[in-house]
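Got some structures for you, see below.
Below are two complexes that have chain A in common, paired first with chain B and then with chain C.
And then the complex of A and B:
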């Protein structure tokens, strides 16, 4: 396992004893892992603290802010979800794609990420991976979204810096660029 | 079984899930996790282990059976935002966020049995029934009366909620709620309506310890619908019928007032839909 050992006893399984642990396979950004986690840990904790995958951020940790949004397939079709709400072992044998799968392998940015930069839609950055994940999913299913459709698709992502205007503009820009490129 | 650890069971079939339910009565049943995971985080509940239904494919999906829409208990709320029933559609569309709706299930919403849960007034107004299954068989019970107190239901030991059956009404159905803010809010008070053949039936959320409806309210709503009564008559009937909670979110008096407003709002929408007024 390529996990970063977490020194915190409550994360490392100390309180539950050996019976409290659960071991399962999980593919993250194309890499197969064997994970041992506490039975009630969230997928987000496993990604960040056990596997060292730091793209998804810990924001509210209860499904309101979308900072931990990842694309996951838990056996019922890949879709974007909040990793903080998924009991990690529920994802046994599943696949997770984080923001690292949206950009290129050598750090090159996707068209949506470029649009976020161009429009100044990034400030402190904690929400950005979640917004880009949700926006990328939107453009996959709806290449020409209206402004209300963009706002509705990003309703589960919170930003406390930008006031959202530049984020919505970035999605419009990405959609326009993508349509232009395929025309 | 996809996974069977001492404190975590991940069944793939309903048979495996029921066997685990009987074998591990102390385990918390979790489907989407949207309620259980925050509850554990905030120590609102303790759990001895999880029985996750997330991978039981047979619990997901919607079919029709006679006049009923049969919704598998593991069907995500996101799938209900395009349901043929207007009340279910409105209640599902205003639940959480798009990222929550893909995980939250109708079964979790029902079994959590909290009076402010979005889908409950709609199920009560439309006369929904529930399929409760154990290893010895399935019983079908009305949703009315299933919730016995906040977070308490008529689910027996060894049983799982496997489907919600909603009669498909020809007519008008809708749902409305008010909260402390205008986005991502839990209902401070909520109401649902089913109206057909000139008869209105209302149900309320956070109007008492359990989802609530009353014949007197329905009589007043029906009278308002066909112009025999005024809005204040319906508001008075609602105020007399409800027993809303008093808590840090809102006073009982506020909720009593808001429930009357929601009732009139929904009857007005039903009247407009029926071409009876504007």
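And then the complex of A and C:
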């Protein structure tokens, strides 16, 4: 399934369709889309199945694993949230940055992505996009996090492979590198 | 060979270096394609209708309404299976779709393919199934005496053997009954796969699996297709841990693709994932150890009952692991061991990381601590006193004829300093005040590595080299563990390849067996190593001819062909435009069933020692694990970063079983099939891990490597429990240890009996003597020294 092309102008609140669907504007990774979806679809379903944006992953679909974490501004300021918990309709008019917005335009890796690779924080990798998204936001607000602060920022993301040790190391490495670069 | 011998970084990116995962860049960008990301033109979506009953007769199934719905392309029941309806890893006792009877809640009854998921779900709901509920057999203690819930009977396997004189006694015996809960693999990417019909009338499936050729075989049974018409290709796998060893959706997706002539994708929800895949066996273990005054074990007696659930899966093999490894990494000359894995109407259990050994380890390590306490000995000293050594004979008759560094891992562990610093508030954000007590526990375990008891353990690798670019092709499933990295490292080291491509596994190459049993570095890694050696020899022969040299004087080092040690030509330019290929097979020496006089049961063993430091709020029953220190027998360090990842990941999974993870089954129904109520450790729960290694190379393995994935989990379960016992003074004979166990002091203490020493009868045979008939039914284990817990 691909994005539904809709010629109507973007309506922030959405437009009801005849079959219980709604059409609304949504900006994803800098690209404006017109989306037609059922009200009860999650933002994650819209991203993955309607727009083909597959960086956010489906791990539990009930807000516990964080594999679908994206940075979104749905009118209340940009922050990281679980896309599976957001009804599509409440995302109308919103802006979403997925893992595809992290790193350079030519595929160059961000410092956080680089640190995840260097420290072995990636095994199966299904949680990685969510962790990188959450860790990136942490370092933007707190460039020198303590271990408890790292834990506090990432406890909404589950990893079943690594036991988290390498993930903590990666965040600390990225923070160190970033502090070094700004000095 | 003791202690922290972590290999230094190898500059060529070969064996011993912390080489980065080749699939890592795509994974950190979110661009790696997992099975759940697959899509195809004209794709249909498959949905499974599952039984709501743990045991019921199917009176009728009417699919008329579902088939008539717009957008529905197929509705299949067992009557639509063209081949043999039965499948299974070992016993073939499970129907692809329920055949007249359902035996567990969640058993697939019908599958639907429709234009989208919502339509498919509606159609599945429209299938009218009339059930006649039957009494559900949910207590494994009753399984032997209850009416059979399957034509094949209720016992998957009974194992019974003795060695030496089981009635020998030292000055003390300790005994207790231990319980282990049902753990879910809880890999984070639910099962998914995409099947397509192929032009030759066959079917192709891309699927997240652990064992491509096992899937191929079982899909063939149900579809009636020969293996060459069933093509399995690995899709991106989001974790496995044993839970993808059995077939779940593979056959359904293929049947639907064949029935509709369209690509069909199935992706489970998290709830379905819990219902569909196999859990770790819950079990009850009674153990009695007798020892002399200095703590030396005189005899061990043990009985095990594992609940295998509704269908066999690997239950006949898991029970043997649990029973035979009850001795732990200790010398036991006299013993009597018995166990059953039985059928119930509970969820089916099968492979999960550790494969029966975490259960045994939890019990035998609690016993070692109980012995130490009874004799007022240091728990570490008791373990050193009894540590297995090379040349010892196992209770099951096999001689430990490879490095057996049990003492070394214990000594290595002792060298790691204790953590300093403040208490870690139990509960993550909880109190760190007067009710918080620190505890320190120790555990040592032995895990068998690779397939056992005659199950052939083999792999095949195809390797080619063109202008310094190597291509490696095996059927080894990469599930996150990092085989792709190991394969690349081997190709760099042996071939001097400057770039390496590890081809996505499929069934176009011979079987690599399952990614399980800590076996793939040993099996597929060795096959890759052999194929690389063969390719290298072909390259060197060519270079020798071209330069008029003796090939025996040529070597490859750091990407350069050397003649008598002096650089001659880079590998990349040694034979421009010419491709060198080789296919090589590796197979471990044969293993044999328990009691066989022909040879041992197991290929190899891995040993691991850990120390856990915990802070426990004894009033609230909350535990935080401050640190786990580990010293593990790893043969050699292939990739320090990946090795650490296996150790840390295994420890945290074992900690999960010890403290929080349990699939709660009530009257045959899983009550917590989601990640809200089934708790796996978060980053807040995870302890600091300090990891050191004993590197004693394994003879016959390239670089002396051995499997490392399971031992850390096997040891983490008993070590965390031991530390909580030390903090609380409670016996805590069951895992997971729940807050109420601590706060209310639930769980019986070991029974300690002072005995008159009775030396072993020297006329009793040393090796394992297998009993064909059960000594007792598991529900009637009462005899002298009755195992009380098995009756309740």
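Rule of thumb we're sticking to: the second predicted complex is superposed on the first by the 166 of 183 C-alpha atoms of A that agree within 3 Å, B and C clash if a C-alpha of one lies under 4 Å from a C-alpha of the other, contacts with A are read in each partner's own complex, and residues count from 1 in each chain.
Operating definition for what follows: a residue touches a chain if its C-beta (ideal position, glycine included) is under 8 Å from a C-beta of that chain, and two chains touch if they have at least 3 such contacts.
Fair warning: this is a prediction, and the values are worked out from it, not measured in the lab.
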{"item": "Side-by-side fit of chain B and chain C on chain A, or clash", "value": "fit"}
{"item": "First (chain B), second (chain C), both or neither touched by A:155", "value": "both"}
{"item": "Partner chain(s) touched by A:129 [first = chain B, second = chain C, both, neither]", "value": "second"}
{"item": "Contacts of A:92 with chain B and chain C, given as first, second, both or neither", "value": "first"}
{"item": "Residues of chain A touched, compared between chain B and chain C (which is higher)", "value": "C"}
{"item": "First (chain B), second (chain C), both or neither touched by A:168", "value": "second"}
{"item": "Touched partner set for A:59, first chain B, second chain C, both or neither", "value": "second"}
{"item": "Touching partner for A:34 - first (chain B), second (chain C), both, neither", "value": "neither"}
{"item": "After superposition on chain A, the shortest CA separation from chain B to chain C (Å)", "value": "5"}
{"item": "Residues of chain A contacting chain B in one complex and chain C in the other", "value": "61-64, 152, 155, 157"}
{"item": "Residues of chain B that touch chain A when the two form their complex", "value": "2-3, 5-8, 10, 30, 32-34, 36-38, 40-42, 47, 49-50, 52, 54-55, 57, 60, 96-100, 102-103, 183-184"}
{"item": "Of all residues in chain C, those that touch chain A in their complex", "value": "18, 20-21, 23-25, 27-34, 36-37, 39, 116, 185-190, 237-241, 267, 269-270, 428, 479-482, 641-642, 644-645, 647-653, 674-676, 680-684, 686, 688-689"}
{"item": "Residues of chain A touching chain C in the complex", "value": "1, 52, 54-65, 67, 98-100, 103, 107, 109, 113, 116-120, 122-129, 132, 150-152, 154-155, 157-168"}
{"item": "Residues of chain A defined as touching chain B within the complex", "value": "16, 19-24, 39-40, 42, 61-64, 66, 69, 74-76, 79-82, 84-87, 89-90, 92-93, 134, 152-153, 155-157"}
